[in-house]
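Two complexes, one shared chain (chain A), two partners (chain B, chain C).
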Partner chain A sequence: MKTFFNSNRGAFITLLLLILLPFIIGLFDGASPATVFVNGSGQSKFIQGLAIEIFILAIYAISFDLIFGITGMLSFGHSLFYGVGAYTTGIAMKSFGLPLLPTFGLVLVAAVVQAILFALVLPRVKGITFALVTLGLGSVFHILVMSSEFGPYTGADVGLQGVITPAFISPANERLRFYFVMLAVMVLVYLVYQRFVTSPTGRVCVAIRENEGRARMLGYNTFYFKFVALLLSSFTAALAGFFHTLYQPIVSPNVAGMGFTVTALLIVLIGGVGTLNGAFVGALIYRLLDYGLRRYIGESASFINGAIYVLFVLFVPYGIVGTWRLKSLQMKQGWERLLGCLVDK
Partner chain B sequence: MNSFLRKNIVMLVAVLIMAAFLIAAAQGMEKQDFVITLLRGLAVGSITFLVASGFSLIFGLLDVLNLAHGTLFMIGAYLGWTVVVRPDTFVDMLTPLALIVSGFALGDVYPLLASRIRLGLSMRRILPWGMILVSILLFGFILPRYPIAIWDVGNYGQSPVTFAFMADSGARLPVQPAAFTEISAPLAVIGLLLASILGAFGISLFDNTPRTVRLSWKNFVSIAVALVVALVGLIFNDQLSAFFYCLNSNWLFFIAVLVATLSGVALGGLMEATLIRPLYSRPIYQLMLTLGMSAIGIEMVRAIWGRPEFVMPKPAFFNGGGEACPATNFADWWTNHCSTILLFEGRVRVYNEIFIPLVGLVVLISIWILLQRTRLGMIIRAGVQDSQMVEALGINVRRVFTMVFALGVGLAALGGVLGAPSTGLSNVMGESLLLNALIALAIGGLTSYPGAALGSVIVGMIQQFIIKYGQIGIVIPFTDIIFKPTPPLVPASTVLLMVIVLLILPNGLLGKKE
Partner chain C sequence: MDNEIIFETQNLTKQFGALVAVDSVSIKVRKNSLHAIIGPNGAGKTTFFNLLSGNIEPTSGKVIFKGRDITHQPVHKTIHYGIGRSFQITNIFPNLTVFENIRLAAQALGRDNFKFWQPASRFKSYEARTLDVIEKVGLKDRVHTLARTLPHGDQRKLELGMILAPDPEVLLLDEPTAGMASEQVPELIELIQGIQKAGNKTVMLVEHNMNVVMSVSDQITVMHQGKVLAEGTPSEIAANKEVQTAYLGGLYELNV
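Then we have the complex of A and B:
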């Protein structure tokens, strides 16, 4: 038990910090924990909102990391998974008045359907062609969402508005509860992914990334493993979409577009491709940077975003977590040397 | 005969399906509508082809999926527009650009100089960074103060939209020539030259590979040309601006096409040499890099030319009007230069629907000749098959890579400047065209040159016919329902076609099996 705690010290400290975060921010702002607990307005509530967005982005990005970083399939239609989750939730709750749980079931069904759709394509095309076909599938969905025929359901290019979130997790009045639900979901997703990657199935997925022909020679039916990875990824992304609709007052059609897939790619790249933790670090940095740039620089924020993207590709190709893992021993030794100098003299 | 059939079965089936599709499309509409739509499809196909062919050459030889290609297409269009509508800005830009280039034109001199300098190890490490820092500081000091007569995005009366509108209606807004006020002209010129030489020297010092360098006359000729251009641009600035303003709009358009294409070539070469080259060992990262470049390019265009859409005037050669228009036959058109011509009783716009497909055809044939009949083309074709083998045979493949990248981007920029008068300029023209080109290539075969042409024409045709049927409606057989395809169906139909084609033939219609 003790060794378990010791080996995962970083994760536990982060979790503890995230649990205490709303109250700490509240204290800085001069609001007592009790005020924060009853969702009094203030800095804490705003930070909670930002954190919820980061959690949703992180869940979405980790699902992209599973198929891109772990299994090695480059998909340009990943925003389809997220978009289907978001729009299914919105349409089911708004137009058909379904309660939360049946909606959630519907989202899961939709996730299976889209994974099967991708799986139909999977055995026929590889590499760049797979990227193009998924791009095509993604853009068809984007176009359908934007088209005026489905306007009454999807809100066309304005976006889906007026989805009423059930009162007990309403982002306006019960934001703290929403925050903890999101945190729990994120931790759960991370644990499932960690388990998946270390399981025999996950190992085979990594083998497929490294050399698919060899994995097949060893007797694995690679299609089956790719399909499992797609299914899990699709579930997770649709889950992120589900919470996106619950949290955001408006579901913009951009979440189904190519740009949102690029967002996932950017997040995974910043964090480190194929590292899982990287998705969380990347989402944090991406969202804060985006928020800060839009606030202080305004319109040209995506210029800086693009520049950061290029700089990361050229100079930090393994991302933050990847570089950390590569260099952690050196860094530790460096710290020890530095501390030794300070203590001795 | 039999083997011919077996080899080209896919192509023949595709052509048959196309023909059946065209015949079916012709049933539902008037003859003149059919001709116009056909020509429009060809025009869209030509522009798509210009982008797609460059894209496919780059992908075939370098294995780089250049997702910034659409943005470079857009930059070509905007640069061409600048030459046509604001020649004075173009003339003002000449001097600083030539000065910036001049330092880099002396490429082979620096290693010789560096070998003469004896320095300690630490100094040798610091020196390049110091030079680059000084160079950047000098550029940062001089360039914002350098006078360039330019529009003002924030002020509507001076915005590109107004300039474009006035130029399109034949009048020109009076422009204020910029003068050296904050900095004296000799100081600016010498400063820029110094900054450029320092920067180029600093960058060349990073390259430590020992090699024998022989000075050749090319270096001195290129720096002399750059300096002469800079000085002429500086001294005869007003005369040159006035000359360009008085110039016939046909010549101006021709110069714009040249400038845009050459800038595309230069941009492409620069991009490959500096950004793409370090990443050949990590293909996925190249793809991400081009995505980032695309975002940066779009933002730069937004910052310089603003967000609103505007038009580019057509050259007078295709823009005549008056009593005799529309022309009834080509001889008639030649004397009057009407903007439209009557073909099968339909009014066809000469520039959009006849000139652009012709240019597309010319480019198609000339690149085909380049690929099939020249030494460079032979190297390119061999490189597409196996670039390592070509390198092993002693050919400098890296140089060919740079040339092909430059050629591809130049073609995209050419497409941009040619398409601008017919479609207008907007911030999103690059992205939508890139999607079209990708679909066209996926249909035709990613690395196949004829495939790029076939795919582009198919995509252009389908889009235009669906747009046309969106106006007149399709009568669904055996019912009285009239189905009108809506605008979103236009991209959706081509995307669906791409998915279907890729599922049946993963290599596209004309792509070779691996």
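Then we have the complex of A and C:
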């Protein structure tokens, strides 16, 4: 238990800070903690909202890191996983009036279906071809939700509006509760992913990224491992989509578009490809940068945003978490060498 | 060496367009023997190995392993039958440690591959097997080194370790000494011989180093332009006039 705490010290401290965050902000706001508990308006509530968005983005990005960074499959249709989750939730609750739990069940079913859809093309295409085919699958979904035929359900190009979130986690009146639910979900996803990459299955996924031909020669039918990774990724992204619909007043068709896949790619690149933790760091930076630039610069924000990412990829190619790990490893090795020299003499 | 045949090909042929890389090759490999395949560049040795291990499918002919037709089996099945294959060009997981490279090889045949709710470190038998193999191939000091940072000779040893880990009956070694410094070669050859003698294993070897081939083999098949040119014991091969002109160039002095 003690070693578990020590090896995850950073994660525990972050978790503690995130639990306290609404109250710390509340204190700075000058209001009594009571205002925070009753979800009174103020800075704390706003920050909670921003944090919820970051949590959802992080869950979405980590699901992308699993198939791109860990298993080595480049998918350009990843927003499909998220979009299906978001739209399934919205349509089930609004058009069919389903309660929360059956809706959640439906999202899980949809997640399995889309993973199978990707798995169908998986053995036939590899590398960049897989990227293009998945881009095609994602675009088909995007076109479908934009089409006027499905307009009554999806809201076409306006987006899906008027989904009523159950009162007990309503983002407007029970935001603090929503915040903690979202935090708990994120921690759960993180734990599941950490466990997955250290498991026998996850190790094979890493081997597939490193050298798929060799993994096959070792006796692994790599298709099944890639399918498991896709399935877990699909579940996670659909989960993020589910909470997106609950939190946002509107589901824009953008979440099913190519641009949103690029968002996942950017977040993972900022944080560090294949590091998992990078998804959280990346989501934080991505969302804050986006928010800050839009607020203080306005229209030209996305231009500057883009320029920052280009510079980032050029100068920090391993991402923040990746570079951090590399440097701390080098430091450790340096100390070992130094001590080795001293002991020898 | 027994007289039992463990591995057999019947008229195995592979065509790439107009080129016949392997031309109706039929060989029989006896159990527990060390069977070398030699031949000049482009003789089809590696293609022949690829056919045996299932990396490519033959145009015609059959591959029979222990009386079972495995000609059209996918490549990931090969090791499950008990055939391990190493490559001429080093084929490892570059960004994983030596330990992890071999552990993955050891894990492959077990039944725990889809236990994604448990950490891999909980499966001690694979780890024990891994350390065993690492010790055997002489990489004990390199357990936690990244595979890509190993010197070439050690990478060859790692590759050998990866096919030893699942403990196959037949080892297909495609130029195990390729690119190695000449002083490291005897060490590796001794290792291979040791494994074959100790563990009742059959070794098939593609090798260019004639001294090695002549001294370690029980049986030699000489390939030339996709065909079997000659087959026999090292002394028979060395005395064979056809082989001398086609491959040895008459320069190899018989000293077995």
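In this section, the second predicted complex is superposed on the first by the 328 of 345 C-alpha atoms of A that agree within 3 Å, B and C clash if a C-alpha of one lies under 4 Å from a C-alpha of the other, contacts with A are read in each partner's own complex, and residues count from 1 in each chain.
Quick note on the criterion: a contact is a pair of C-beta atoms (placed from the backbone, for glycine too) under 8 Å apart; a residue touches a chain by one contact, two chains touch by 3 or more.
In this text the structure is predicted, and so the values were computed from the model without any measurement.
Legend: residue contacts after superposition of the two complexes on their common chain; A:159 is shown touching neither chain B nor chain C. By the touch criterion defined above, A:322 lies against neither chain B nor chain C after alignment on the C-alpha atoms of chain A. Once the two complexes are laid over each other on the shared chain, residue contacts for A:213 go to chain C alone; chain B is not touched. Once chain A of one complex is fitted onto chain A of the other, the partner contacts of A:307 are limited to chain B, with no touch recorded for chain C.
When the shared chain is aligned, chain C comes close enough to touch A:228, but chain B does not. By the document's definition of touching, of the two partners only chain C reaches A:198; chain B does not. When chain B and chain C are set side by side, the one touching more residues of chain A is B.
Across the superposed pair, chain B and chain C touch chain A at no common residue.
Interface residues of chain A, counted against chain B in their complex, comprise 74, 121, 124-126, 128-129, 132-133, 135-137, 139-140, 143-144, 146-149, 262, 265, 269, 273, 299-300, 302-303, 305-307, 309-310, 313-314, 317. Of all the residues in chain B, the ones that touch chain A in their complex are 65, 275, 278-279, 282, 284-285, 287-289, 291-296, 298-300, 302-303, 435, 438-439, 442, 446, 486, 488-489, 491-492, 495-496, 498-499, 502-503, 506-507. On the side of chain C, the complex with chain A involves touching residues 53, 55, 74-80, 85, 91-96, 100, 103-105, 107-109, 112-121, 123, 162, 166. Those residues of chain A whose C-beta lies close enough to touch chain C in the complex are 195-196, 198-204, 206-207, 210-211, 213-222, 224-225, 228, 232.
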